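Think of it as A, B, C and D in the order they're written, each chain with its own count starting at 1.
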Amino acid sequence: MSGLISKLENVDRRVIYFVLIIAVVAVLLNPIGLPVPVTTPTRRYHDAIASLPRGSLVLVGIEFDAGALPENGPMLEATMRLLIKSNQRFVLASLWSGGPAVARIYLDKLKTVIDSSGKRYGEDFVLLPYLVGGETAAAALAKDLKNTAKNDYFGTPVTDIPVLKNVKDAKDFSLAICITAGTPGVEEYLRQWVSPYNMPLIAGALGVAAPTYIPYYNSGQIKGMLQGLRGAAELELIIGAPSSAVSSMDALSAGHLVTIVFIVFGNIVFLVKKYQPKGK
Amino acid sequence: MSLPFLKRDLPVVIVCVTGVVMIIGYFIQAPEIYLGDILGNLSLIASVIAGYATILGILTLAIVHVKHLSKRTQGQWMYSVLLLALVLAMIGVGLIGTLGTHPYFMWFYQYPLVALDTTIYSVLAFYIASAAFRAFKIKSVEGLILAVAAVFVMLMNAPVGAALWGGFPLIGRWIMDVPNGAAFRGFIIGSAIGAIAMSLRVLIGRERGILGRT
Amino acid sequence: MAISMDPSVWIAALLTIFAYTIIFKDNPLYRIAEHVLVGLSSGYLFIVTWNYVYDQSVAPFFKGQGLLVAGISLVLGVLIFTKFSKRTTWLSNLSIAVLVGTATGLTVRGYLFAQLIDQVKASIVPVAKLQPLDLVNTLLSLVIVVCTVSYFLFSMEHKGTVGVLAKIGRYGMMAAFGAAYGGTVMTRLTIFIQRAQYLLFTWLGLG
Amino acid sequence: MKGKVSKMRSLAGLQAIPESIGKAAETNRPVHYTPGTVGFSGGVVGYAAQTFAGLSVLSHVSKLTAKYKVPLYVTVAYGELIPVVESVVRESYASEGRADAVSTETHVLYFPIALSNAPYASGVLGLFERIKPASNIMIGGFYFEALAISEQGFVQGAIQIAGTAMTHQIAFFVAACDYTLIGEEIFVAGAIVSQDATLLGSITGQDLLKIIVIAMLVGGFILQNLGVDFLSIMKV
């Protein structure tokens, strides 16, 4: 008996890995479809975009790079779908060197959606190049867009781009969206776009970082927020375009359950061993 | 100026002067002595030095592998060949045309690099489970608190938590907002005081280890 | 859907599997993945860095603008390489000193404001209009903050009153660490799930 | 304060360092040290003080490895740390009279940080499999590699001592390592082992500041709720 218990107590970590892999793969291949209730911050994120008048100009800050694609990527995808669906015009900008490359991945991915909506690059949306300088660049962009980004990502002078024709500074935008994996990100937007220009801001945050932005959300400086992949899944559900985030939700639950089951199991074995009468 | 001064004391003087300029420049506006410009240029110079230091790092790495190659270190030299070849390939395609925009460069970035980068990141999904299994044994009050807080927050995050019991997300949220928020606030206050004291010790050249003064 | 015919996808998929083998045991496949990652990253980093360094410290000489700053940057940057010789290595300390000085200045600024002062201010909350439950939470938070700070007192042993405060502080921190740990599981799983989706759907064409 | 060395409360993590290096000497296996993944420039520079803390403890660790004649591997993720770490190690070995052993017994290895910290992490994971360290000491600012490296260190059976002031990573060190230095403890560790009167005096100063902060927290809270606008006083 005690031999078995100490074997269970020191279960090889590879057993845990194996169970985790099996659980996640099985659920990915056979989704259960557990309900994903939409939380208020996500609802308000959606409403901030959907309630804008048609044709409003929106700044989309892609403040992450390839490392955060799994979590921030679906947020960006769902956000772009929503912007297209609700007929807004938007400017994609990035203070991260890898940001524009990420934007291109999603512009390619959504090509059919964009084409079928009749939206055209340059007329309805534009991609700016990487803006060097972090917070300084965020401030400069808000103050004088055309002198901060002289060309778009593909090298066309911004003065020749229709969607930017009447844009001078932050006041010409109706909403700023910051989808971010860290710094520069939400704080820079708060300081350089929200405080000076009273710009409504909504944010997409990594699961680990979301709790640190809760104070800004509670104080109303951030109007709505997507929290981690879960937030992206909720947005996909609201706009009726379930994609990679929604399909990950069951796998996410399975992974959490496996981890919890092992913690509980480890403790049961530990306690049984501790209270087992000695000398038997 | 004697050589010992240049070798041992000049670096400390430089640390002190640049550090103090960076700090006071934040509090005081002094356009008449171009403080803002000095500050901006100092940051710029530092970031360029760091750039050269990065190149030094890459060079050091390459030297390690060239040595493995020339010594034919067993079980290592062929990996060193692979590594060196890829460094050169990446730099090669990176230098074609406008720096770092060539389709081959983008291919290296998009397929092998991103795939490996995110995979190494995701290895943590496994390590986080095995470390939890080992660490969250309720051996003491502290262990109990650690384990319970972790489980409730996990059940707050995973959709399955709410499906099992509506209380999980509520309690998880409370742990996140109250004890987690408050203890980290105390943690940050302590760390900040320690970091500032450490920085000041560096500025006056008293801190061992920095710039080799033991 | 069927298995992918795109060689790029195959390379990404195989490297993904190679890298995962480390969780079971070190093996030649992991070593390939490791050396590919370090090699490509070094090359990528070199290009990105060189781009910046060239713009800031070499290009100005062709343009004839900003020569002073570029000149200082170039000299101090190149001095870093003197560390390769024992006799000249002290010169690299001069460049490092500029880095250490600026970093120290920035670190003091960052910690003093964003961290120390802001965190103290955030703990001082007017309670008059709070609901009873929020009032309890606010007071509890203040107690935990004070106790946690007490835990970090070093010049006295944790005995008596300080001992009690420090103990509560330590319990508070354990709750915080547990919560931080549990909260991170989601992000880590997310990335693994994304890789699994890539292997299962993009590569193998299942589902 | 002159001449009088203040007595500091002991830190378990610090006391474990000589023991773990002794263990390495007994088992003939190396020591791994990292001063964290925060450099002196760029987006992470605000945390540079944690790297200073890591370098300060490295000075202690490298003296011990010199004394016990244990191979020392230091891994760094930023180029500017290479000359700094090398000179710390060189001076430590010189002070133990073993300057000649630097080139054979110590290794400063650089692994890059590019898209993320993954290349550094993967390099250290691979290194651990090959050198099988008996002691793994990590003091400084860390990102996701904190857990990756410490879990791999556990698998290799290393005694692990780790410390950081990073809010997102300290939990993993507490879970995966044998001993931890939590938050501010990393900033005093170097001073405590040095027994240098000035440095110890500055720790007493830190404590004084903390007592003032506690007074401000409690007093400010009470004043603010009695109608005195304490928050606006703090704005100065």
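Brief remarks on what is shown
Basically, a contact is a pair of C-beta atoms (placed from the backbone, for glycine too) under 8 Å apart; a residue touches a chain by one contact, two chains touch by 3 or more.
Bear in mind the structure is a predicted one, so any value in this text is a computation, not a measurement.
Among the chains in view, C has its Cα centre nearest the centre of the complete protein Cα set.
Of all chains, the one whose Cα centroid sits at the greatest distance from that of chain A is D. Comparing chain pairs A-C and A-B by the number of C-beta pairs in contact, the larger count belongs to A-B. Here the CA centre of chain A is 19 Å from the CA centre of chain C. The geometric centre of chain A is 22 Å away from that of chain B, both derived from CA atoms. For the pair chain B and chain D, the distance between C-alpha centroids works out to 13 Å. Chain geometry summary: the mean Cα position of chain B and that of chain C are 4 Å apart. The set of chain A residues that touch two or more partner chains comprises 13, 17, 66-67, 69-70, 207-208, 211, 228, 230, 252, 255-256, 259. Among all residues of chain D, those that touch two or more other chains are 40-41, 49, 52, 79-80, 82-84, 87, 111-112, 114-116, 118-119, 122, 167-168, 170, 172, 174-175, 182-185, 188, 203, 206, 210, 213.
Residues of chain B in contact with at least two other chains: 46-47, 49-50, 52-56, 58, 61, 109-110, 113-114, 116-118, 120-130, 132, 134, 136, 146-147, 150-151, 154, 157-158, 176-177, 180-181, 184, 187-191, 193-196, 199-200, 202, 210-212.
Residues 8-9, 11-13, 15-16, 19-20, 22-23, 31-53, 56-57, 69, 72-74, 76-78, 80-81, 83, 90, 93-109, 111-112, 115-116, 119-120, 122-123, 137, 140-149, 151-152, 169-186, 188-189, 191-192, 194-195, 198 of chain C are the ones that touch chain B when the two sit in their complex. Note for the complex: chain B touches chain A at residues 106, 109-110, 113-114, 117-118, 121-122, 125-126, 128-130, 132-134, 136-139, 147, 150-151, 154-155, 157-163, 176-177, 180-181.
Those residues of chain C whose C-beta lies close enough to touch chain A in the complex are 23-24, 48, 122, 183-187, 189-197, 200, 206-207.
Partner chain C is touched in their complex by these residues of chain A: 14, 17, 24-25, 28-29, 69-71, 97, 206-208, 211, 215, 228-230, 244, 247-248, 251-252, 255-256, 259. Listed in rising order, the residues of chain B touching chain C in the complex are 6-7, 10-12, 14-23, 25-26, 41-56, 58, 61-62, 79-80, 82-91, 94-95, 99-100, 105, 107-129, 132, 136, 141-142, 145-154, 157-158, 172, 174-196, 199-200, 202-203, 210-212.
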